[in-house]
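After this come two complexes, each holding chain A, first together with chain B and then together with chain C.
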Partner chain A sequence: MTGAERLRALGHLAPAYLWLTLAVFLPLSAMAFFSLLTDVPFGTREWSFTFRNYADALTNPTYATLLWKSVRLAFWVTLWCLILGFPCAWVLARMLQGRTREALFLLVILPFWSNSLVRIFSWAIVLRGNGVLDQAAGSILPGVRLNLMFSESAIIIGLVHSYLPYVILTCYLSLQAIDETLIEAARSLGARWPRILWRLVLPLALPGLIAGAVLVFVPVVGSFMEPRLLGGRVGTTYGTLIEDQFIAVFNWPLGAALSFILLAVVLVILAAASPALRKAAA
Partner chain B sequence: MIRQTLARAYLALILIFLYAPIIVMAVMSLNASQFYALPFEFSTRWYERLFTNREILSAAWRSVWIALVVATIATTLGTMAALALWRHDFPGKRILQTLLFPPIAIPWLITGTAMLIFFFGIGIGRGTPAVILGHVALALPYVIVTVTARTASFDRALDEAARSLGARPFTIARRVTLPHAAPGIVAGALFAFAVSFDQFVVSYFLAQPGDTTLPVLIYTAIRKGFTPEINAVSTIIIVVSMALMILAARYARFGGTK
Partner chain C sequence: MKTILTTSALALIAPMALADEIRVLNWQGYGTDLDWAIAAFTEATGHTVVHDYFNSEQEMLTKLRTNPGAFDVVLINSAFTPQAQGEGLLAPIDAAKVPNLADIDPALATNQDLNPGGALYGVPWTWGLTSMAVSTVDFPDGPPNSLDVFWDPEFKGRVSIRDDALEAVQFAALASGRNINDIGIDDLDAIKAELTDLMPQIATFWSAETDWNQNMAAGQFAVATYWSGSAARSISEGLPVEFVVPVEGAIGWLDGLSIPASSTKQDAAHAFIDWMIDPEFYVRWETEGAPATSNTAAAAALPEDSFNRKVLGDPEVVARVQFMRPVADETREAYLALWQELKAAQ
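Let's turn to the complex of A and B:
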């Protein structure tokens, strides 16, 4: 590469990466700095360095409970997404062909690229007391009330709906890559379906399953809008706790510390899954 | 053939799960009753109300033009970067490609609050400029990844051939590289528009209250209580964003089915 070429490449790359630095990497660093302050350093306010925010965030039993609650929520949502999504990906990848497959694949992926807030709102209409599901249940079985709104089930349903297409997409990609002759070989050697599934298909599809699980778990553990709208009072999570620090309580240093602890959890998960993620991407 | 039938039935159930609430919402936006009461009685009342609601209209307009600005900036910068990454090999290239993942992988709650803190610290504060700054950063990785996926199938030798025949860099870009990358660029632009237009979390922390984007307005409205107008505007949003994605899918050909 000549000097002029190098300069041109730099000129083409710099704007995008400067923008990312200004709007993502510097803010994350600023948050690390803020999480170590006693008060926001704006105007004439007094501030000094402290570890108290982290001490608070880690020792306050309420915060610990909420973090655990968010992790548990993310676990259940991920599990349901895998259970529902894997068979769906199998049908799409191995049992359909041509234009039918293409059209159905697009139909499954489409909601995931549409507005997530609006989709959560649509569940609120379906689930709320005297809502569509309630009235439908009542008209089939008179006297039956089905009000799921403002419960943990409502939050899980809404989140599974939001993130299911992720799992279907990643599992689809890894299932599609499995060589048909391997399965035929196993069958001709007398293996039955449960055994083929357990010993052949699942191990080969594992990178896709793990990638899907991570892509669901990470955003769900930091979710706050979905629990707020579908969970009401039972919908306080670690995410809503952070939201409150910035929007309602204005304790930004504590909010920054809580955000950073969440980031640490996310990074540990991403690092643990990174071999599988790299395999799934290849 | 029992297996085929079962498989199709299962797929149908998943599709019902994915689409039923959206369809219910769309149908209820055309129901006369404010409390979603059945039996269904057709009315376009909520849509008429919607088009006289100044608050919703101005938020909708703001969302659209912010998304247009974001798509333009992100597509320009992203395409430049993607083509430079494709054309040249240099030390540190892998690091640059890895740096695209944090904006996608870190939950938006964390990125959004971090942006709020930083923009306040450097004096930009909350408001539309902050929203655009944030949205472009979220959209850039999507554009770069989409354009890169398209150029992967393009032989660098063509580029070099044009250069050895004496074409200037600008001519090469206009006559060789850009036409080939065009579908990827169009798809990237549509993704960027969608990332911005549908963005709630980051806008929620960066938009000035009273001067917000449509998703933020909808969130606040839902928390105050249900209104069928919100139902109507939500239906319009979902139709627009799905149409955009069908377009983008045609250009990007994702899923590897072709």
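Let's turn to the complex of A and C:
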């Protein structure tokens, strides 16, 4: 790169990096700072540096239970998103053309345009006892009660609905890029569909699958609003815990420490997935 | 004749001559700043009223500490009155200057937190309850009169309490016949056992009036804890619910009006407080949605069917209420840890 090119590149990068510094780096640094304090440094409160918040957060069995619960929830939501999203992306990318594809694409993206709270409350109307689903089931099979509200299933249904478009979009892009002639070559060599899917399509679509999985897993592991509204009694997650520390007891240092532990767990999971990611990118 | 003329002239001039501008510190939109109420007060006494607001009890205390002389009347929740008095921020109330004090419910006027050090530092103004409300659809023969109904297997999955550690612990203490303000270590274990039994009964934890109303309207709740003011609103909106103060009692909050020690307009401040607890003021405020009054004469002046008279106007109900006392930060955190542990185990 010549000096002039470098300068131009810098000019293009500066706005985005400046914004990232302001919007991500600074708040995160402030939180990292808070997580090492004994009390919030507001007003006349006394404070000093300590690692006690991390020690407390790591030794409390309640926090470990909830962290495991959140990770498990994120796993199931991600799995269902992949199972439902991949075939959908396949149809959109390889089997449909023109107007139909555009119309179906619109339907996939449509939920993005509505507020997430509205989506969750709509699900509540559908899932609750005496709700839409319960009445439909009762009218087809008299005597059948279907009250899914305030259960783990309700949380997973709501979250899968919210995050499915991410998986469809990322899988669509990678499936779109697969060269049609490769599939034709495989078929002419006698490969059947399951084999083509397993040996050809899935490996080539892996970047999309993994990108989609990451986009779903990371926000779901920290989610607290959807689990609370749809899960009721069973809807307490690790995210709720962090929210409580910030809002209910004004213990920002512990809340910040809990957030960083979650961040660490997410990074460890991403690191574990990175060999697959690198292989897929190669 | 001359004397009469002089007296009437004095009577006309006197309010003007003594007219003060008093500054009131309160939550915004909480009774004292009603336009018609201030206009009536100014007309009767000549004093004018200016307001300043706070958004939290801590902010209120900070304003009192850092602005001596700036306020003449301040609203303080009874759980914070001892702290404010302990810091020397408040002046005792002179009962002789507040004639309406005679009609205040004695149970409230003698509240220990409003009388720190044996003298009255906050005139009881309004109060409210956290108790239970039931769906009249599920209880056609009248509501239950005991909190035991929360543990009744018949209502499994149709019960709710608020998602709040302090309230959950105090509710369980109340249900098991304990003092909500004096929960020892041994009691806490028993309370944990009570709440552990309660958990499977619960459909969801409610957090605000709106989701409480939705769940009640959808038939999801049969019985749930609720606030008296919110219950009055839900009932007036036509929701089929009834608010009950059970035999075990209820959790109460109490707001008092105090006068800062640094106030230079003590007479006008006393006059304003007297007007605030006047039945004439309260009866009109009640039509606009007021909490319960501390003044028995005011409660008796309400229409027969009014919520604040029918449900809360009975001194016998007030006697069963356990008013919340100050809660230490460590206690709060211990309750939160207990509550989180219970929720995480679900």
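One rule holds in what follows: the second predicted complex is superposed on the first by the 241 of 282 C-alpha atoms of A that agree within 3 Å, B and C clash if a C-alpha of one lies under 4 Å from a C-alpha of the other, contacts with A are read in each partner's own complex, and residues count from 1 in each chain.
What we mean here is this: a contact is a pair of C-beta atoms (placed from the backbone, for glycine too) under 8 Å apart; a residue touches a chain by one contact, two chains touch by 3 or more.
No experiment lies behind these values; they were computed from the predicted model shown.
**Student:** Is A:T236 touching anything from chain B or chain C once the two structures are fitted on A? First, second, both or neither.
**Tutor:** second
**Student:** Given the touch rule stated above, what does A:I109 touch, chain B (first), chain C (second), both, or neither?
**Tutor:** Only chain B is touched by A:I109; chain C is not.
**Student:** Report for A:R119: first if it touches chain B alone, second if chain C alone, otherwise both or neither.
**Tutor:** The answer is first: A:R119 touches chain B but not chain C.
**Student:** Residues of chain A touched: more by chain B or chain C?
**Tutor:** Looking at chain B versus chain C, the one contacting more residues of chain A is B.
**Student:** Using the superposition on chain A described above, determine whether A:N130 touches chain B (first), chain C (second), both, or neither.
**Tutor:** both
**Student:** So in the superposed three-chain picture, is A:N251 touching just chain B, just chain C, both, or none of them (first/second/both/neither)?
**Tutor:** Second partner only, chain C.
**Student:** On the A-aligned overlay, A:T65 touches which partner chain: chain B = first, chain C = second, or both, or neither?
**Tutor:** second
**Student:** Which of the two partners, first being chain B and second being chain C, lies in contact with A:W80: first, second, both, or neither?
**Tutor:** After superposition on chain A, A:W80 lies in contact with neither partner.
**Student:** According to the stated criteria, A:Y163 is in contact with first (chain B), second (chain C), both, or neither; which is it?
**Tutor:** Neither partner.
**Student:** When the two structures are overlaid on chain A, which partner does A:F217 contact: first (chain B), second (chain C), both, or neither?
**Tutor:** neither
**Student:** On chain A, what residues does chain B touch that chain C touches as well?
**Tutor:** Correct list for chain A: 128, 130-131, 228.
**Student:** Going by the contact rule set out above, which residues of chain A touch chain B in the complex?
**Tutor:** Touching chain B: residues 1, 5-6, 8-9, 12-13, 15-17, 19-20, 22-28, 30-31, 34, 40-42, 84, 87-88, 91-92, 95, 101-102, 104-111, 113-119, 121-126, 128, 130-132, 135, 161, 164-165, 168-169, 172-173, 176, 218-219, 221-225, 228-229, 239, 242-243, 246-247, 252, 255-256, 259, 262-263, 266, 270 of chain A.
**Student:** With touch defined as at the start, can you tell me which chain A residues reach chain C in the complex?
**Tutor:** On the chain A side, the touching residues are 43, 60, 62, 65-66, 69, 128-131, 149-150, 228, 231-236, 240-241, 244, 248-249, 251.
**Student:** In their shared complex, at which residues does chain C touch chain A?
**Tutor:** 62, 157, 163-165, 199, 202-205, 207, 218-220, 332-333, 336-337, 340-341, 343-346
**Student:** Quick one: in the complex, what on chain B touches chain A?
**Tutor:** 3-4, 7-8, 10-11, 14-15, 17-22, 24-25, 28, 35-36, 38, 77-78, 80-81, 83-85, 87-90, 96, 99-100, 102-103, 105-111, 113-121, 133-134, 136-137, 140-141, 144, 169, 194, 197-198, 200-201, 204-205, 215, 218-219, 222-223, 226, 230-231, 234, 237-238, 241-242, 245-246, 248-249, 254-258
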